[in-house]
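Next come the structures, one after another.
In the two complexes that follow, chain A is the common piece, with chain B as its partner first and chain C second.
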Partner chain A sequence: MLAKRRKETFNHLIFVYMLFLILGCGPGNSDENMLRIGLMEEPRTTNIWLASDTNSRKVLSLIYQPLYTYDPDTLELVPWLAAAMPQFDPETISYTVALRHAKWSDGTPVTADDVVFTVDLIRRFKVPRYFSQWQFVEKTVAVDDTTVRFFLSEPRAIFLTKTLVNYIVPKSQWAPIAQQAENTKKPLVALLNAKISSPMGSGPYVIEQWRQGAFLHLINNPHFFGKNLVISNRRLGPYADSILFKIYSTADVAILALKRNAVDYFWWPIQPGYIDGLRGNENTKVYLSDRSALYYMGFNVRHAPFSDPAIRRAVSFLIDKEFIIERVLQGFAAPMDSIVPSENTFWHADGLPRYGRGMTRSDRIKAAYRLLSEGGYTWDRPPVNDAGSVVSPSRIILPDGQPMADFAILTPPADYDPARATCGVIIQEWLKDLGLPASARPMSFGALLQRIKDRHDFETFILGYGQLSLDPDYLRNFFHSANDRPGGWNMSGYRNPVFDRLADESGKAMDPSRRRYLVNDMQRIIMADVPYIPLYNPVAIEAVNTNRFAHWEQMIDGIGNIWSICRVRPQTRQAARDIDN
Partner chain B sequence: MQSKTETGKHERHSYRAKLLIDAWRLFHDNLIGRIGVCLLIVFGLMALLSYIPPHVDPMYHPMTGVDPEISYASPPSTRHWLGTDNIGRDILSQLLTGARVAFLVGISSAFISIVIGTLIGIVAAYWGKMLDGLLMRFADMVMVMPSLLVILLLSVLFGQLSIWTIVILIALFRWPAVARVIRSQTLSLKQRPFIDMARVAGASHLRIIFRHILPNVLPMALLYMTFRITSAIIVEAALSFLGFGDPNTVSWGMMLQWVWKTGHMFQAPYWLLPPGLCISFMTLSFYMMGRAMEEVLDPRLRRVRNAKHAAA
Partner chain C sequence: MNLKRMIFKRSIEILVVFFIILTGLFVLFHLAPGDPVSMMVDLTMTPEDVDRLVQQLGLDRPLWTQYLLYLKNFFRGNFGTSFHYGRPVIEIISERLPATILLFTTATILAAMAGVWCGKLIAWHKGGPLDATVTIFSLLCSTLFLPWIALLSIWFFAFRVGWFPLSGMITPEIWVLPNLGFWAKATDILHHLLLPLLTLCIVNTGAYLLIMRSSMLETIKEDYIITARAKGLTEKQVRNHHAAPNAALPVITSVGLSLAFSVNGGALTETVFSWPGIGRELIFAVSNSDYPLAMASFMFIALVVLVANLIVDILYAYLDPRIRY
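Up next, the complex of A and B:
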């Protein structure tokens, strides 16, 4: 009897304990303030030097911070880890940067030594992605604990806009790893393969737990320098206690999760087909943002037939960008007439040739036919007959009398990017209107890049840059003859001494108006020779769940940015009270 | 003498005709078989009709034709009986072309796998010993390979595969089961007196195989062909749905991939359902036909059914 009563008392105690637990988990606890973000794929690494995939970079952008970042409204450089804009000394060609009193996530201060160490590490190991941006920095000196000075070998326009927006890493965590890597036969490989389970950063969050294949949990960095600071007229948080990254392998599941309150934001561009469903749902809101992106068709200009600019221009006439944008991208893109997107108003050149824009299909074929006929191309049955009507042509014959061989338009697979895969098939049909024997060939992205960038084994391809920097230095990277090498960014193999000279000069021009003039000239040359045909710049379509968090910061490339993460606020009353307290 | 031979030939022909008529009667009596054939006739008509729409108007071309006034996924209308996809292409034209592609993939790859499987099965059983062991171990190796995964890997390595490469690859992974069945049939046939007689009469190995063994295993091979067609259609649809199909071919799997990847899965049932249903019903029709053929070829199955009928 006594035992029974004891058992009952024990059960009651357990019940009361559970009740407390449940009540304790009510509004205002950490779950309520947890921001749940959906990712399409799992991040591949937490090693900042290895992270080349977009998901790893998204996560690491909340941990590691740069000296400067871009203002979300004006897109001008604003101090981030730095306390003020850099001071340039033209005599010594050096920039002096003062640091904020920031701390790493372990509580130790971010010092000039950390900055010097980061630059030295990148230069010593020649870390891919970063080395080219620091290559011309001859020397980095820590003037004092919070002041650092960069000495450049020559004036470089990209130093402010590209170099200083790179991340700074803590010396205390990376110095032992670098030292260990240097003692191996392949130091760079050792550095890239270093396992960093809990990266130490100065950003708003740190990794709490990563259960691979399931989720990634980040919690607040109590030492974040930006807490309650006002930068670019924005008071920074972060206001979410933690971030839970959930992995959704398909967009359909992620969209369903958004609609059903299972996730607050899906950090991935959404296909236009989902928009109606999302707009019709009371829990979700769609954000449409401009992007600084370039989707284009490239040619291998190293050898015939595409070494001839006439045939490249003819292809430009045949490609109906309006059709692609209206139908394949459902209107959520802007046509491009230059390598620099028109949204980048300062650097975009006006008055460039707009091949075929506004023309009918038959006018396009006639214009391309005229161009090629003048260039010495012939047909057994031309695409335009004697009566001036467009007819189905025979295979085109090159100026040397040989019929053009079959060639492929390489694209990423539909699984990776349905728009580009569809563009490949559509362009193939348009090229056949002129007797060009093209066939679309989607292939896995890795194999595609290897074939185009490393082996140069291709004729044409369709690729894109989803996030072009605002600085137009990529023009130099894409088309300078020095980059025409295996693994180099000049994938087309374009070589033009006049362009090279302009590119070199623009890289050194410190006067923005002079540089703008040079960049405009570079765009004119490229659009006359068309080693790349720019196709479209898509709109970033993103969606959030509006029930739990608000105040997302929209800027170029969407709402997935450090400003949003530092500003987004919980909606519930209790959570708001917690923030106020 | 000559008239005797002619009479013999005539008797053989009429015997074969009787066998065929009996087989057809048995098949016709089978409800499952009848449904299967009806469905197949519908799909056959769809495949034949697929040539017509592009001639009516270029906008009905399944791959390149677009409605000049519609540039979004639109529901069924008088102009587009099953609606349009997101680019403005006619879904009905795509569906009809998909039937043609399904027949092409299914029948071609099944035929190739049956030819390979039958030849290997007969050769292994006829010559036996070490050759039999080698061929059967090889068949075992191919049989346990995950075909879809291997084809996916090949596609990743060598870029998107053309429809004919996909047909051949499916065939190369689907012959071992056929080879095993044909081998066991041949082993049994090999012991029969008529083979011994042919051998004693001086018939060559090739003659024995092609004149005496092959005709006897052919019905079984044809039965297996119906099941191979089903699996070939499913493999091609799966490949296309996952984004590894031939981008220049409009197949039902490809249609499903388009509706999925463009985000219309839950927005456009008129686009999602037709290819999905067609894949299901076409594979079902071949499966039903196979089941009915199995009963025709195997009297034991017939006896079971008849016994059940009698008991009822």
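Up next, the complex of A and C:
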């Protein structure tokens, strides 16, 4: 009897405890000035030199700051840590940059010495990702506490657009680490593996707490130089007291969190399929932004059959970009006619060949057929019969009389990127309309890169760059013959002395309008030879919860940028009053 | 063979198997296409950057040199540094392991307990409506696609009804508060644990239940059950004290191995619930060719599974006096 009663009491206790758990723990009442941002994955590191994943870089971009950044409206360079635009001296090929009176998060001033140290560290350790952008800077001199002068070994256009937008690190924190690393057998690895639990920066936030696997909490940097400053006609905050990064490993759950007010912004591009649900929810708002991205089909032009521009042009005619965008990407992308996205208005060239845009399927096949026939290609049964109708063709025969061998369109697997994998299958079918024996072959991303970039063992592939820099220097990377080597970025093996000359010249052109002219010419050459067929530039789809914060800054690539972080304001009356006071 | 000799012999076997796994892992990871540096590249990285990094990480050395170095470091207890985290892998594993053990071990134990209990009950009522209903339900549950049921349970219990948190192991908004007490932390973790636990139990209980049921059906045909009944024992006593303990042996094997494999976590479960366990790290390490992290994780799992096998064998001998090695 006693045992039975004990058992009953125990059961009741369990029940009450469960009830308490379920009802007593809400989603957590957060501070109304705390901005909650959802991430898809946890940042891997707070070491700026090691950070290769996007999430680490997102967090670190709020801590470390560059000398210059891009204006969200015009995409022109604007002074950030610098006080004014750099002064160029053509005689000495040097730039002089004056710094603002900024401070590190420990209250010590940001000095020209810190800039000199940062450049020196990158050059001394040859830090991957950074070294290539600083290696032509021969000497960096601190003229005084707030003036620094960069001497270039030769004029380089990317100095303004890429080099000066790199982050500056504090000498006081990194000098001892660098010294220690230099005394090891592998200095670079020692530097990359240095543990920086509390990175000292000059940005709007600093790390307060990082609970690995759960969250990352950033608080206001009281010494942020931008507080109440007006840059690019925007008064900077930040107005959120702190930022809480929460990890949602699936977009499904992150979207539910947005709708349920558990997170204010999900810092990750979301799939078009979520848009209707988000637009139907009164608490959420969807932002659609242009991106600087490139998704393309590439050819191995080192050998036949794709060494012949005629066959590459013919394939360009066969690919219906509008169809891909409408059916695969549900309309959330723009068709591309150049390697430089049209959203990059300053550098994008107009009037380039559009290869079949607006044509019907049969007109595309006829145009491609015409091109190939003129190039000496034949068929036992041609794709266009004597009556001028499109028919199912036999395998294409190359100008040397040999039937074309089967070839693969290599793509990333569907779980990595369903759009590119689907494009491979669709293009394979289109190519068969012309008797081109293609088959789509999705493969793991690592293996794909190794085959294309290192071994050059491929015929065609579909790849993409999700975030191209605004500077078009990547044209040189992709197509300059000097980069046609194992591991080089000229994966197609494109070689054209005229293009090389233009690329070299544009790399040294310091006058933007002259450089623009050269870059336009480079685009024309590429789109005539089509070693790459640009396919589409997806739209960045992002969503926010509108209950607590407003005033997100939309620019190219979305609302996840330093301007938003410095401008976003709490919505509640009390919080707004606190800011006004 | 007595028990001590058996344990000694099995331990030697475990060491040999472990060494083979160690070598197999090394070969598999290094021969697989893709390398850690190629996964790190972006447009700002030149081939010279890649070469420098490869050289500094020691990946340019001949494979056998790397293998010998790997063995040397392993036996010195140095499992390497993650290429992506820049931290010792042992630190990362020990950080993630408690979360995995908490969720998956608890789920395995609870599911096994529920499965054994229900299995013995329905086997006793074989052929009745309860047996038919529960068996069909168990079959259904054990064939459910876990991420689907997990998402469904999040949508209903966390999003629509609001009984549970949407994801994660803790509520960051609560944990950032200063001076948060132990009980508040424990309660918060428990609250987050309930939904994934419930989902895992729904899927896993069915399998244990079916094993227990079929084992019970075999056991109740045994002579000693008839003897127990002839002694005048109640049905409950016969079921609980004579049939169930003997029928539970196959379940023990299954639970033992499941417990061992629970340290591996479940990549899909952990991903859907944003549970900060080792399963997600394993997927990341493999897909990004983070050799040190991936190899150390697999070695750890292999070791736990091998030891668990040994423990199950010992338990068998202990629980069933008829079994001798």
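Structure notes:
Operating definition for what follows: the second predicted complex is superposed on the first by the 551 of 581 C-alpha atoms of A that agree within 3 Å, B and C clash if a C-alpha of one lies under 4 Å from a C-alpha of the other, contacts with A are read in each partner's own complex, and residues count from 1 in each chain.
Convention: a residue touches a chain if its C-beta (ideal position, glycine included) is under 8 Å from a C-beta of that chain, and two chains touch if they have at least 3 such contacts.
Keep in mind it's a predicted model, so treat the numbers as computed, not measured.
Applying the stated contact rule after C-alpha superposition, one finds that A:107 touches neither chain B nor chain C. Within the superposed three-chain model, A:327 lies in touch with chain B and out of touch with chain C [touch as defined at top]. Applying the stated contact rule after C-alpha superposition, one finds that A:186 touches chain C and leaves chain B untouched.
When the two structures are aligned on the shared chain, A:388 is found in touch with neither chain B nor chain C. In the superposed pair of complexes, A:424 makes contact with chain B only, with no contact to chain C.
After superposition on the shared chain, chain A has more residues touched by C, the comparison being chain B against chain C. Touch criterion met: A:251 reaches chain B, while chain C stays clear of it. Look at A:444: by the touch rule set out above, it reaches both chain B and chain C. Contact with chain B, but none with chain C, is seen for A:414 once the two complexes are overlaid on the shared chain. According to the touch criterion, the shared surface of chain A, contacted by chain B in one complex and chain C in the other, consists of residues 252, 444, 447. Put simply, chain A touches chain B in their complex at residues 251-252, 255, 270-274, 276-277, 326-328, 330-331, 410, 413-416, 418, 421-422, 424-426, 428-429, 439-444, 447-448. Chain A makes touch with chain C in their complex at residues 18, 20-22, 24-25, 27-31, 34, 36, 41-42, 44-45, 47, 50, 52-53, 126, 128-133, 186, 188-189, 192-195, 208-209, 211-215, 217, 242, 244, 246-250, 252-253, 256-257, 259-260, 262, 444-447, 449-451, 453-454, 465, 468-469, 474, 477, 485-489.
Within the complex, the chain C residues that touch chain A are 32-35, 38-53, 56-57, 81, 84-87, 95-96, 99, 151, 154-155, 158-159, 162-176, 187-188, 190-191, 194, 270-272, 274, 276, 280, 284, 287, 289. Those residues of chain B lying in contact with chain A across their complex are 63-64, 66, 71-73, 86-88, 155-160, 242-244, 247-248, 257-258, 260-268.
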